[in-house]
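What follows is a set of structures to go through.
Each of the next two complexes has subunit A plus one other chain: subunit B in the first, subunit C in the second.
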Partner chain A sequence: MKLSTYNFLTSMAIKGVKVGFPLKLTINKKEEVESEFNPTFIERLLPKLDWAAIYGAAQVAELADDIPPTQPENIGENELLLQKLHHLLFEIDVLEGQLECPETGRIFPITDGIPNMLLNEDEV
Partner chain B sequence: MARLKLKKLEEYLQGVDGFEQPKILLEQYPTPPHIAACMIHHMQSQHKDIEGKLVGDLGCGCGMLSIGATFMGAQLTVGFELDGDAVDTFRGNVQDMELPNVDCVRSDVLQLAGSKWEKTFDTVVMNPPFGTKHNAGMDMRFLEIALKLATGAVYSLHKTSTRAYIEKKALEWGARASVVAELRYNIDASYKFHKQKSKDIEVDFWRFEISKN
Partner chain C sequence: MHVDEPHKNVNSAKKADKKQRRCLAIIKSDCQVSSSDEPTIYLAVLNVGLSNGLTEECLLDATSKTGGKVTEVVMLPGKSYCFLVCSTLDDSRLIYLGMHNISTIGQQGAVAYLSYVKELPALAGKSDWNSPLPNGLIVMPDFVSEQEESELFKSISEDEGSTESGNLKHRKVKHFGYEFLYGSNNVDPSKPLEQPIPSACDILWPRLEGNSTTWDWITPDQLTVNEYEPGNGIPPHVDTHSAFLDPILSLSLQSDVVMDFRRGEEHVQVRLPRRSLLVMSGEARYDWTHGIRPKHIDVVPSASGGLTTQPRGKRTSLTFRRLRRGPCNCTYPTLCDTRQTKAPLELSSTLAEQAVSLEQQNVHEVYDKIADHFSETRHSPWPQVAQFLKSFGPQSVVLDVGCGNGKYLGCNPQILTIGCDRAQGLLSVGCSKGQNVFRCDCLSVPVRSSSIDGCISIAVIHHLATGERRLAALREMARVLRPGGRALVYVWAKDQRRNDKKSAYLRQNKAVNKERTTEQLQRQKQQQELEQLPNNTPLPVHTNRTEFQQQDVLVPWKTKDEQRTTFLRYYHVFEEQELESLVTKLPEVQLVKSYYDQGNHCVIFEKIP
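Now for the complex of A and B:
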């Protein structure tokens, strides 16, 4: 699971959950992968990114020094930051871990790189 | 990724593993490599809807369309799949082929409505369950959700017999729909009770353009 995917995962489908985001991330095993740097793509993705959630994930991945805690202005001109963002969003693959709903504590496991967001019948 | 030729794409997709034990109730069968290659190639060559884009694959199964999109230059592809065995096969395929930029989320597509994935994907691609075995109308439910998740275009397969109905619903849902091609779809006897060895069904390959509102 890349952190770009993490940015969009919520527990809001659970009955009674109001926001369900961001999910609390735990990483037990991760690996680094290589992917082609595409700054235009990152800039297009920016409006959809929740910076606070991404920063939180960066802390869990021990890369919190790479990006500032709040979204700076004019990121498009900051090549270095774009590269750090690229690495964070697309080159960290969480293999084992979990996601926790901030309102109910419900755990979604991440196994072999895949988050399991399936709910039980009584949760929906 | 360099611009890929249709033949080469099809060759690559022939290496994608299918379902080990397809589940009838989920209508599991891999999109045939030739069909998937034609679809993906068309999306890019005619509409530039794949290269450099954020692509979603609803009901991705073993990943034929997701992997096709990745080969064709999608910057990031996310597949959504309910079944754990299919998800394992998807993951195995992606690892064997060493593809970056593809993720899979195990989830119920029907629960994606109202999620943070809405208006996220440039392009959504899918080969939805046609809704034949006990879940009639499933492909329409997939389509309705796909149209909410995409900002640019949705590509999907539906039985030709439902063409008029889809045209009507697409309008209601705010999309401009067009049939790109008519396919004759060959589902090999992957389910043991098929009477004939190979059954051809008529399928439309649709493109839905999201209205910019």
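Now for the complex of A and C:
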């Protein structure tokens, strides 16, 4: 699971959960993959992403120093930050770990790079 | 150039030897009959048989010229060789010496090659001709006299202008009473033709009276005349149950023909002599298909009890039927259109009650088991789906709900595509290619609301067992779309034809394309195959690559491995406008476009900005 995908995931489908976002991420095993850096792509993608979740992911991925807690203005002029964001969102692949619902504590395991967000019939 | 006679003879003998050896090898592998260097009473005619149009008469004519006596002729259907049993070794010798490399009974006067053989083939004497006729089948020979034949022929040939006539691919047809519509294989009872069945046919009905105890009508109201040139036939079919009553009558004029009756693996050949009437009733009318193979020569039983050939002449058949004007009430469901198209009564409530377990058992578990093989068959993106994905601007985020092996996830490299599916096996395929995937159910998509620019869901929601669940899946897509975001949804269509063109799904029917069989014949065969397969649902099993008979069906998937295990997948195939009407139930979206693409109904909708 790339951390760009993580940014969209929520546990709001669980009965009684209001927001379910961001999910609490745990990484047990990750690998770095190479992906072509395109500054414009990252810049234009940012409005669709949630910065708090980006920041949270950076903490867990041990890249906290790279990412500020709030989104700086005129980010398009800061190519270094865009590159760091690119690395965080597209070059970290979580192979083993888990996602935890912030409201219920329900655990969604990540196995072989695939988060299992499937809910049981009685949870929805 | 001058050629020496002796030289020519040597060549001819060499050729005969070579030919002899080659034919004997074929016969040996075909029916385990070996040649004998010493004379025996068994002779094989190596290069002429039923498949070359050899008749018993012609063969016996040639043997009698040698002075040798024959006690039995053994012709095998479909073979280019045959066997003779002689009275004594002397007879056998006379025939061999008098015919081998001499007798010109071969195709187009070719010379015949003979050989002594050690025994007769084990299969001799066993043929479809020995099976009993299907129940309800009667052939009445000499039903009309020669004079009546010509009068009947004249009556149907008159008034060219006032009856419907036309040319099908392989035969000429003409209708009286009602037009038989080949598109639907039915008649329109509200549109009688001006020309009723010619009155010349009235002589036929009194002759049926004694036989009509098993059915309740005598006078037909529809007549189809078929003209077959030699070499033409008609594919195996059953007359549409709901279109006509029982029985179907067919009068053969001008020439004999052999008709094939089939039910699954059962096959019975029936000779229809010139001027005979064929009556198909009960089982023969409802549960067996009938057809005529396109051949110039038929193989028929000979006077001596063997087989011989008979060339076909031009044949005209008069098929008399009576319109049913309502649903069929027969007790033969396999080929019954009324039965096949009628969903079981309790089905909708059962589907509602068992939707979850049905989807679990007949969708999720099946995809998990067939993932690898399924993935192999899903590689090329459908052009109009790829086109939709390419319509998104750079940096768009698109979610593929039910992404399978992820074949659409890399279609447009300028956008961020994320896929989700229920089947772990299929997700692993996509994941190994570096794609972004997660596992979920399409009824609860774990994605932030209004966060996605586009959605595709290709061949997914037809696996959901109720209308509410299919609507709920669309509602989830609408929820995750941002205002102005667009979704494309494909579902399988019940109707696999458009403008009389078959969809790719129907066109790829190997059996129908290559083996000259028909959908009905396939249905019969599969029915027998599937009787062993556990099916604890009330759903009918669809026959692959044929038209859908019902909306809620189980579609078999046969694995490629040695076991050839069959799995049954649940599908709800969509009627015209059904998908659109689901979309209109979602207040937050509007329909942008709907279309039909290769057997699928498709919609594009947009979340209202």
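Simple rule for what comes next: the second predicted complex is superposed on the first by the 124 of 124 C-alpha atoms of A that agree within 3 Å, B and C clash if a C-alpha of one lies under 4 Å from a C-alpha of the other, contacts with A are read in each partner's own complex, and residues count from 1 in each chain.
Assume contacts are C-beta pairs under 8 Å (C-beta built on N, C-alpha and C of every residue); 3 or more make two chains touch, one makes a residue touch a chain.
From a predicted model like this one, the values you see are computed outputs, not experimental measurements.
Of the two partner chains placed by the overlay, only subunit B lies in contact with A:34; subunit C stays clear of it.
When the two structures are aligned on the shared chain, A:121 is found in touch with subunit C, with no touch to subunit B. In the superposition on chain A, A:4 contacts both subunit B and subunit C. In the overlay built on the shared chain, the residue A:77 is in contact with neither subunit B nor subunit C.
In the superposed model, A:65 makes contact with neither subunit B nor subunit C.
In the overlay built on the shared chain, the residue A:112 is in contact with subunit B and with subunit C. Counting contacts as defined above, subunit A residues 1-2, 4-5, 8-10, 12-13, 21, 33, 40-41, 44-45, 48, 112-119, 124 meet subunit B in one complex and subunit C in the other.
Of all residues in subunit B, those touching subunit A in their complex are 1, 52, 54, 75-76, 78, 82, 84, 87-88, 91, 100-101, 103-108, 111, 114-117, 120.
Residues 356, 394-395, 397, 399, 414, 416, 418, 420, 422, 424, 427-428, 431, 434, 436-441, 443-449, 451-453 of subunit C touch subunit A in their complex.
Those residues of subunit A that touch subunit B in the shared complex are 1-2, 4-5, 7-10, 12-13, 21, 33-36, 38, 40-41, 44-45, 48, 90, 112-119, 124.
Interface of subunit A with subunit C (complex): residues 1-2, 4-5, 8-13, 20-21, 33, 40-41, 44-45, 48, 50, 112-119, 121, 124.
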